[in-house]
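Alright, structures below, take your time with them.
The two complexes that follow have chain A in common; it is paired with chain B in the first and with chain C in the second.
Moving on to the complex of A and B:
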């Protein structure tokens, strides 16, 4: 099957193309060089100067796993109010902030997204997450394994095991859980909470193991680096949401000591304590640190006004914010000597000083961080708001007048406490293409996604160049996934199967004996049963494997 | 003859994965299970019955044709039982969406007692490995769970408290229930005591503990238990919702959750619901991720309706115009019959007590084919394997066959296409 897209204005930053008028050729789901004359074209689309980008990739979105199901059950009112009947190609479902699997795949595809990664897969819940991801249609998926509060890792570190042992343990766990990257969530904090610690600072020794979050974080960052994983350690730091945590975040950046790091939902970690209310923006300080640290990337975790539900492995923090739950109910779990989960519904209000300032802090971060290759568009779905708000966010970034109009509507003191009004920057289409396509693909090591050069998967999105960027990004004219037209004018037209991506680094298998003993003696499941085999992924299709850096 | 070691058991939700089962031709027999339920479950022979339509022997294709014909013209079918692996449940949900049916698990009553509390106030719970390694005070509320979860104490309570400081000891308190002889045997060496109900019911007893925690009503066993909870490092309060008295079960569970949360402000304390027989937990999980709603959800009219009361199988079976009942994990046929035709997918290979309209023997996950089931704590999904080949189709295969047959004829109307 040969497809030609003619007369597109191509934004393909990975291949140095910005508003380049070019044809794109596709053969059997892959982008190829232009064929010789006389080659039959099966399908031709004259784009008449419309904009063409690769499919977008969401680097951090909670789409599957136990905490999402818990959130769906807790948010029963929302689900009753947001039932989606079956229509056209789409099956029925429900939910906006915690959509059901079919709705998740369709809504992403309808916005031009062709991949989304679940950033908090617990080892003990990984099989569930994969079973659930298999039911998310169209888009590609993958999961980041949460480590850093698991008793075996802490035990190994406390015993002073060598970095090679830690590396092998991380490699074993990553492989056994079919993961794409390693994440740490409040390192040591989730474990400390099980010993009744309600707070743990970066340099505070935790209970039982006597380890500081700094020590755990650096050990994991090094293991990720030594394994050659494409994506750096994905860090949800200490003290999320706590005024003054900007200092912790800057210290965390310092702790990496030159190792690559990705700080996630950095908006929630950029709070200072100035002003009468002891709550102010630390965005400028964080942005400055990001700008001068080339080994660092961040995603923002922008908040969006309205009802949502926060779901996180960070039980320590979630237990602390539970009294603010709206509606007033929440769920918490300690999980399998591994991690935990906390689910707290929340409504962000533009007339609340704190929420309004959070909104402004997120936008300040986007606009003050200079390099679009190192800042990603996220709402930490659903924690800051649903992923369906990305088009609105893109408009806020690209359209200063619109941004000022919105700024005028929020809590007046909050708008007085932010520099947002004085920031003139408007993102360009090329920068949006970097931030939502080329950069996430590069960061995750997805060599054939996020670009439109020969060999790339034919994830092709065609947009009308509308002045209202929200409308433009909400309803792309056409979305192709692996060469198949899946959405047209913001409606799903074909429901295809997605793939799940994993990384397979090399490591010394001998660690398997240590892991097996731990599972036998403590966890009550045999390690060989804990490990997920390839034929369990995507209903037997198996994963798409990626090598470590330097591997094939 | 083959001896399978380290076999995983899909039955009661405890997830034991250390069984030894012998397979010989079409026969499996337990060699080492340490469990009476598993002993029965893994004792299988060649199936005694084949597919039947209206009591007459049929081929699998004929039986699937007959099932498709009956379900295809239904307008308010029930797809119940759902004692199947994850792939079987997925296929059941797809078929339900195709014909506009209502889905429920045969053992969901216990699940919904817990869900009602989760949805009203929330949920603070833990999982089996945390209990095993960290819990120095376990309070079992209500009846001893051992009859339904035979190895609970052996696997999750008797092992050493590995993650507490040396010298920490575990205590087990039965509140309003008494340990069976088996439970006592499994708990040999553990400090076990009983707090009987002082005249009232479980919610009263828990209310007394909560009052004592706040400094009211200072004497007696309630006060002593309040002190123990306060002084424990990591308390766990467990209950088996299916074994609680139907009336007031909700109230008891809600009271437990409130108590857990009050203690958890002082020291650590979590709840632990026990349940999940025949993959009830997996059926619910798949239904939640596929629809956004728990079980007891209808697909009628191409949309979703969830009603934990009116759409329970016990209610709906009297109103439905056809019922498909799935019992691959051996939970058996429903104890009520629908007015309309009953199509039974049965995993035991034995004669059902009454003749359904269509009978299709199916394989059992963990015996005939691999599959996934959820553990009772809802976090861990287990993969079970295949031990023998008895030529039985999986639930997924049969349901996909039925759905394909319905898809190939024009819909009767009303349902999603």
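Moving on to the complex of A and C:
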């Protein structure tokens, strides 16, 4: 099957193309060089100057796993109110902020997204998360394994084991859970919560193991680096949402000591304590630190006004915000003594000083961080808002007049406390293409995604060049996934199967004996049963394997 | 201006979801327009006319629905005015979130009848299922107003998390009747199951038949004369069921749930 896209204006930053009028040729789901004359073309699309980009990639979106199912159950009134009937190709389901698997896949594809990664997969929930990801149609997925409050890691660190041992343990766990990257959530904090700590600062020793979050974070960052994982340690730091946490975040950046780090939903970690209300923006300080630290990347976790639900492994923070739940219900639970989970529904209101300032802080971060290769477009779905608000967010970034109009509507004191009004920057289409396509692919080590050069997967999105960027990104004219037209004009037309991506680093599997003993003594199941085999992924299709850096 | 009668066509399979059919919405529509209203049959959207024969006739603002042979959920859900008469049994959520008007079912009703309703009347001539007048799934609040009157018996958790309004059950109520009630009145003429008034904060449970022992969390506060009972009888009006069948004045009072402050009460007329 050979497809030609003619007369498109191509935005393909990974291959240095910006608004380049070019043809794109696809053969059997892959982008290829232009064929010789006389080659038969099965399908031709004359794009008439429309904009072409690779499929977008969401680097941080909670789409599967135990906490999302818990959130779906807790928010079941949303599912009663938003039933999406099966229609045409779409089998669909329900939900907006906690969409069912089919709604997740269809909504992403309809917006031109062809991959989304679940950033908080708990080891003991990984099998479930993979089953759920396999049920998400069309888009590619993968999961980041949460480590940092798991007893074996903390035990190894407390006993002073060598970095090689830690590296091998991390490698074993990553492989056993079929993960794409390593994430740490409030390192040590979830464990400390079980010993009645309600707060744990970066340099505060945890009550059980006497380890500081800094020590855990540094050890994990080093292990991830030594394993050669493409994506750096994905960090949800300490003190999320606490005014004054900008200092903690800057210290966390310092703790990396030159190792690559990805700070996630950094908006929630950029709060200062100035002003009468002791709550102000630390965005400028964070942005400055990001700008001068080339080994650092961030995603923003922008908040969007309206009802959502926050779901996190960070039991400590979630227990703290539970009194603010709207509607007034919440759930927190321990996960197999190895991790945590908290689900708190929340409504962000533009007339609330704190929420309005959070909104402004997120936008300040987007606009003050100069390098679009190191800042990713996220709402930390669903924690800051549903992923379906990305088009609105893109418009806020690309359209200063629109931004100022929205700024005028929020809580007046909040607008007085932000520099957002004075920031003139408007994102260009090329920068949007970088932050939503090329950069996430590069950061995750997806060599054949996020670009349109020969060899790339034919994830092709065609947009009308509308002045209203929200409308433009909400309803792409056509979306192709692996060469198949999956959505047209914002409606799903074909439901395909996506793939699950994993990384397979090398490590010394002698660590397996240590892990096996731990499982035998403490967990109550055998390590070999904990480990997920390839034929459990995607209904037997198996994962798409990526090597470590330098492994090819 | 007339009402409408819906007669199911042969072969209607799967549960039918009738959320869209409130008489207030049908006002001013001709039969053809009513036939085009989309309802859900077996999970798929279908024009009403494909599943039902729609006939004009009967009282204004009244919808008569014959339900023999299939399950119809969400009848009168969210309705604000008008009258629905169900000839046959009703499925789940009969009159749930009702704000006004009256829904009458001549047979039985499924679960969540009158759940989270705020006003109006739900009348069930047969038995009611679980969660009668309770909260909708995942919601914190049960019914906040109106009247539910059941000639038969009710399932478990009648009046759970109820905040205001009145529920009358002529027969027996199931277990956890009036659990977590915040306010309002549940009057069960027959026996009630275990754990009546569990976690009750305020409100009144009126039981026509005394339980074998005070439910856990309740203590006996003696027999007294209650003006409230005659006021309640007058207030309820029709359809009052067992509550209107005899004069009520003296009753034994149990107070509880003591774990929640003991401001709720179970009244047992003598």
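We adopt the following convention: the second predicted complex is superposed on the first by the 551 of 552 C-alpha atoms of A that agree within 3 Å, B and C clash if a C-alpha of one lies under 4 Å from a C-alpha of the other, contacts with A are read in each partner's own complex, and residues count from 1 in each chain.
The definition used in the following text is that contacts are C-beta pairs under 8 Å (C-beta built on N, C-alpha and C of every residue); 3 or more make two chains touch, one makes a residue touch a chain.
Keep in mind that what you see is a predicted model, and the values were worked out from it rather than measured.
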Chain A as common anchor, with chain B and chain C clashing or fitting: clash
Which superposed partner A:76 touches (first chain B, second chain C, both, neither): both
Contact breadth on chain A, by residue count: chain C or chain B: B
Chain B versus chain C as contact partner of A:68, first or second or both or neither: first
Contacts of A:526 with chain B and chain C, given as first, second, both or neither: first
Which of chain B and chain C A:85 touches, first, second, both or neither: both
Partner chain(s) touched by A:250 [first = chain B, second = chain C, both, neither]: neither
First (chain B), second (chain C), both or neither touched by A:194: first
Partner chain(s) touched by A:100 [first = chain B, second = chain C, both, neither]: first
Touching partner for A:329 - first (chain B), second (chain C), both, neither: both
First (chain B), second (chain C), both or neither touched by A:242: neither
Segment of chain B that clashes with chain C, given the candidates 225-233, 279-287, 297-305 or 333-341: 297-305
Interface residues of chain A shared between complexes with chain B and chain C: 73-74, 76, 80, 85-87, 329
In the complex, chain A residues that touch chain B: 64, 66, 68-70, 72-74, 76, 79-80, 82-83, 85-87, 91-95, 98-103, 122, 124-125, 127-128, 131-132, 135, 151, 193-196, 208, 319, 325, 329-338, 521-526, 528-529, 532-533, 536, 539
List of chain B residues in touch with chain A within their complex: 6, 8, 15, 17-18, 86-87, 90, 97, 115, 118-130, 132-134, 155-156, 159, 162-163, 165, 233-234, 264, 267-268, 270, 285-286, 288-294, 299, 301-304, 306, 372, 374, 378-383, 416-417
Chain C - residues contacting chain A, complex: 40, 43-45, 136-140
Chain A to chain C touching residues, read off their complex: 73-77, 80, 85-87, 327-329
